[in-house]
Amino acid sequence: ADDVTLQLKWVTQAQFAGYYVAKDKGFYEEEDLNVEIKPGGPDAAPVQVLVGGGADVMVDWLPSALAAREKGAPVVNIAQPFARSGLTMVCRKETGIERPEDFKGKTLGTWFFGNEYPLYNWLSKLGLPRDGSEDGVTIQKIGFNVDPLLQKQADCITAMTYNEYWQVFDAGLTEDDIVVFNYTDEGVATLEDGLYVLEDNLKDPEFVERMARFVKASMKGWMWAKDNPEEAAMIVLDNDATGAQTEKHQTRMMGEIAKLLGEDATLDEGAYQQTVETLLQGGDDPVITKQPEGAFTHEVTKKAM
Amino acid sequence: MNWALTGALLFWAAAWALNEWLAGLNPRSVQTRRALGLLIPAIFGITLLVVWEGLVHGFNISPVLLTPPSAIWARITSSLPTLWADFQQTFLKAVLIGYAIGCGAGFLTAIAIDRSPFLQRGLMPLGNFVSALPIIGVAPILVMWFGFDWPSKAAVVVIMTFFPMLVNTVEGLAASSNIDRDLMRTYASSYWQTLFKLRLPAAAPFIFNALKINSTLALIGAIVAEFFGTPIVGMGFRISTEVGRMNIDMVWAEIAMAALAGSLFYGAVALLERAVTFWHPSMRSG
Amino acid sequence: MNANPAIRQEAPSPQTSQPVVEAKGLGLTFETNDGPVHALADVDLTINKGEFVSFIGPSGCGKTTFLRVIADLEQPTAGEILVNGMTPEEARRKRAYGYVFQAAGLFPWRTIEQNVALPLEIMGYSKAERKERVHRTLDLVNLAGFEKKFPWQLSGGMQQRASIARALAFDADLLLMDEPFGALDEIVRDHLNEQLLDLWARTGKTIGFVTHSIPEAVYLSTRIVVMSPRPGRVTDVIVSPLPKERPLDIRESPEFLEIAHRVREGLRAGHGDD
Amino acid sequence: MNANPAIRQEAPSPQTSQPVVEAKGLGLTFETNDGPVHALADVDLTINKGEFVSFIGPSGCGKTTFLRVIADLEQPTAGEILVNGMTPEEARRKRAYGYVFQAAGLFPWRTIEQNVALPLEIMGYSKAERKERVHRTLDLVNLAGFEKKFPWQLSGGMQQRASIARALAFDADLLLMDEPFGALDEIVRDHLNEQLLDLWARTGKTIGFVTHSIPEAVYLSTRIVVMSPRPGRVTDVIVSPLPKERPLDIRESPEFLEIAHRVREGLRAGHGDD
Amino acid sequence: MTATTDTAPTRTTMPIFRRAMEGKTLPILIVLGVILLIWYAFTVYLNAPWQIDAYERAGTEWTVADLVRDTMAQERPVLPSPHQVVAEIWKTTAGTRLTSKRNLFYHAWITLSSTLLGFVIGTALGVLLAIGIVHNRAMDKSVMPWVIASQTIPILAVAPMIIVVLNAIGLSGLLPKALISTYLSFFPVVVGMVKGFRSPEAFQLDLMRTYNASGAQTFWKLRWPAALPYLFTSMKVAVAISLVGAIVGELPTGAVSGLGARLLAGSYYGQTVQIWSALFMAAALAAVLVGVVGIGQRMVMARMGEKP
């Protein structure tokens, strides 16, 4: 069997259920692949792992992939299982925020590590400076949880529809207590969770063919997970080495993830172009400075079909 | 073997030989000796940088993994305003204030419990336990309690520096010899007179020991705490975000600044130590 | 054990017979992990004003302990002791004595001058008076000119003199000295012995002096107290017939040698094998 | 300065006149931050086989330095010195001497037995031989029965004897002792002095002995070398007329006192104020 | 450690109570009790705003007694109450199979193994460096300043990157985490051992010279035994800091398992109680490790004739 190492962007959770299912259900084996899945973590960049040769393929968000590309790490999108963005901004209703324009003078908490760019772009669209002034907004870097919202340290925080959003309710708030802005609805969505490889590797037809089998099996896993959310969640739980995940939360996450999946893994060039535009407009300190070339290929997905 | 690698290795060998020779010299004048004391480590440091540069070029290491010192230097010179702002936020606010409060509180607590052997016996083991709590566990909690700005980082620094100071001061207060304390007793000296005239001066080397340890701990604590929430400035903030943006040169620029600031801080405390505890046998030579 | 009982009794001091230290049935037992250690047992001794009393005896016989009891640094567990007619604690609070320890024990962070001024600061002397007294006592011990030096910049003998100056700086009439010259070489020691005798003669202080050296004890004292260990007892008290004026070579005189011999015999009797 | 020039000259040793140490015009200058320190200047001295030579002089006069030069622990900067006819370094490599330092300096992590065995281990003696020699030398210094004790379990005097045993364990004919009894009390010291004399008489070793104590020097030596400082010079060499058999109370004999007096005079002449 | 200079120690046999007060256990218990009380007070104080909010949203009537009870039983408290933490620790240690991923001991074991590996490498490295520094002037002069400077690099902050880069050059599994521990733990060992190797006095070195001892003999018979007390003291510091390194090293490796991963997972899913229990487990582990080194120290020192 051919070896493939997959580097995830985050810890083991239903966000990556498709890959775990494919491994668990033997879909990779059917394609004669021996896949190792490496979970990721905070402040570690999957791109570095890929460049260093620690993995063949990684799950990453398009903004950080494009940034890496411009910095001399030529990564290429070979498949895009997630067609939609799960990124939202969740605000407390009591702050008086009803529309994005009301952000003025408020404190917004966001994750960094590349996740701040869609927000920056949104704010510059809204004409709100990020300097903490009366007429602008105060940006804060928050950790990967919803405490700042609960403790009222921030008026709004970024949240994934499939994860943090639900933690807000778990903590005891209700739908009546919060206002949610979806990045997709605001036209500032970026493509999330795509599969990326190093450009040089694609020159090798054997590699391309191997990736095609990988993508095919992965998508089979994703479709299975979509159809069997409870079982998929259990598979994820089995693979979680921290033993900290709960069944309730993972099942719920799987349900939300299912809504983000596309029909197949083909990258939607429209969505790609929108992400690129978003990033180019990032204000004074844009993520990328020029239109990227060759940052994606349909070659693998075509073969996988 | 390519030229970059070979060059670096040759440089290394040459510098090593040079240092061996320099270290073997035994100059008479104090100035020359002091200059040698700076020159030898400097040559060693430069060698490290040259070898690093050689390795990066020689092995063609991707810039997203490791940047050569030359690129880091270029980045430092081109990003001074950012670096300065980060330095202000992390060092001038969080570190210095946290350091002062943490060391001060540790010192005063030590004096306070000095009169109670009971409290000492009860508090010291628990103190050791608390100081064994890893900061990465404590930092998020403090960020939750003290908010995003520098006070929460200062709080982390306070927690990190408090116990080393407490433990060392308590130890130092016990360091004066029995004879010296008996001497004070023959003068019918009061508690405070004995404290200020005998026990605190005798404790100074211990207190400085804590001040030195704390000078490096404080910086590390403040930087790590910034990983868990911060306004968008600060050395820890920059390090964590720039990794995500693949600006590894910027990451190293911050690291270099942290190391420099830390070394200078340490050096300043060491100089102060030399001035205050000039009388201690370990300080008398040289 | 004692050849001549006649000179064993307490002799009236040459001066007025005013007692400075009076111990009666004094005993001190340390409780240690290995059981009690009887450091002193049944010590009766009176030191009169103006006397120079040496204590000699093998290691561990309680010489230091006795001095420390006088200084209120240890509490006796039996008997009683009066210093200037008061309890040792009262006497200490009244700053009745100066104490010189074996090690010079100068504070290394203070200059010689500041070291000598230490008790004066604690006792609240004015700045001017401090200065005057430090000057005077440093002169007395021949250390003028070394005021600004730190202790470690001085030889051992000079340090010891500074520590004597420190004990002299305030006007205590009683001086307790615990092997003050033990660490010094013979020549320096001779020299300091001479100076100490001189000082004693000039100031009329009462001195309690612990030593290991027989010639030193004989040379200095008006009375020599020989002690033996386990428990620490006074086995012999020898009154010196030597005159108050004592040139160094009095040590080669027959009287001197005779007393020294007696002291040695007394010691030997109380001394087991180590 | 010296009353009797006749006994000042180098006297032939009582035994055969075979030189163990020969110094000619020996000088040693330390370079320090404050300029050169002349520790030894122009020292001429021969020590013959079987002699017991004491070095006495004020602190800092170079006694230790001279012993260290013999032991190849310092390099002379002038003149020359031979030990057993070799350079000091060769002699050291041949393990020609045993050295006893002022502090007993036993390794606290070794038992007495192991401490004495230390030089034997280093010199590669077999286990059986080590055992035998340790046993023998501990017997010699009256420490049989204390083999398994650690140093801190022994009194100061016993520790010092153990350190002498350590220097005796390998068969060096020359013993260099630098104030070996300086830290002990007088009674213990007397005792060890007797034992050392006895040992010297029995083994016929050559001994170089540094001391601060005049009676000790006179009591022990066949020859006393008086030194003076800045720079360290030999100012007087006094040959002892005392017999080889010396009971302790020889110290009260007139001959003894006379030599002691002479030594004291010699010392005083070379001694400045400290 | 006499507290006051002005009262002489009394030497009477003391009653049991006094004896207990002068031992360690009772003082620790009493101080611990006070800390627990303060902790409970803070639990109520810090969790109250949220609880009151919750009451108001739900429109329930509440009394102070309700508030106290409920603040101590929140699901994601700002500060969990001590008994919540204890219950969680109990549940995740005794309450689950030892080999289960949900067992805290399992995670402690993972962390422990990289701690120990890092500690051993760090100690060895520290000792070797110290040997070099003591025996070579050039090393002494050039390395020492950089050893100090190395500790001013915020390694904890760059650990994620280091781990990834180490992974990239083929080091994975236990070793990268352990290397973070090594980096932190070698420092106290170098400093302590340089001091220790230099602790023999000049005359002791001279003594060896009079025996014409070789460098190796001087090292093994003098410098090494003389340095052992320093070694143990530094190892106590090193093992505690090693643990911190191991925990930090666990964060970026995908927070797969170990106490660091538990801390992180607790933080992601807002499980304060889980964070605190992991924290306490870490501190307890540190205490045990330091204790074990202490026992080793006592055993070795006893064999080396240390005064009891």
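Order as written gives the chain letters A, B, C, D and E; numbering starts at 1 within each chain.
In this section, contacts are C-beta pairs under 8 Å (C-beta built on N, C-alpha and C of every residue); 3 or more make two chains touch, one makes a residue touch a chain.
What you see is a predicted model; the values in this text were computed from it and never measured.
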Could you work out how many touching-chain steps separate chain D from chain E at minimum?
1
Residual chain groupings, excluding chain A and keeping positions
one piece
Greatest separation from chain C - chain, by CA centre
A
For chain D, which other chain has the most distant CA centre?
A
Contact-pair count is greater, between B-C and A-E, for A-E
Length of the line joining the C-alpha centres of chain A and chain C, rounded to whole Å:
86
Taking each chain's centre as the mean position of its Cα atoms, how many Å separate chain A from chain B?
38
Go ahead and note the Å separation of the Cα centroids belonging to chain C and chain D.
33
Do you know which chain C residues sit against two or more other chains?
72-73
Any chance you could list the residues of chain B touching two or more other chains?
65, 140, 144, 184-185, 189-190, 227, 240, 243, 248
Using the touch rule from the top of the page, what residues of chain A touch 2 or more other chains?
42-45, 48, 51-52, 143, 147, 151
Mind pulling up the chain E residues that touch chain D in the complex?
201, 203-204, 206-213, 217, 221-222, 225-226, 228, 304-307
In their shared complex, chain C is touched by residues of chain B numbered 177, 179-180, 182-190, 193, 197-198, 201, 204, 277-281, 284
Given the complex with chain B, which residues does chain E contribute to the contact?
1-6, 21-24, 27-32, 35, 46, 78-79, 136-138, 140-146, 148-149, 151-158, 160-161, 165, 168, 240, 243-244, 247-248, 251, 260, 263, 267, 275, 278-279, 282-284, 286-287, 290
Chain B partner, complex, touching residues on chain A are 42-45, 47-48, 51-52, 64, 67-68, 71-73, 109, 112-114, 116, 130, 132, 138-143, 147-148, 151, 153, 287
Going by the contact rule set out above, which residues of chain C touch chain B in the complex?
68, 71-73, 92-95, 97-99, 101, 103, 105, 107-109, 118-119, 121-123, 150, 152
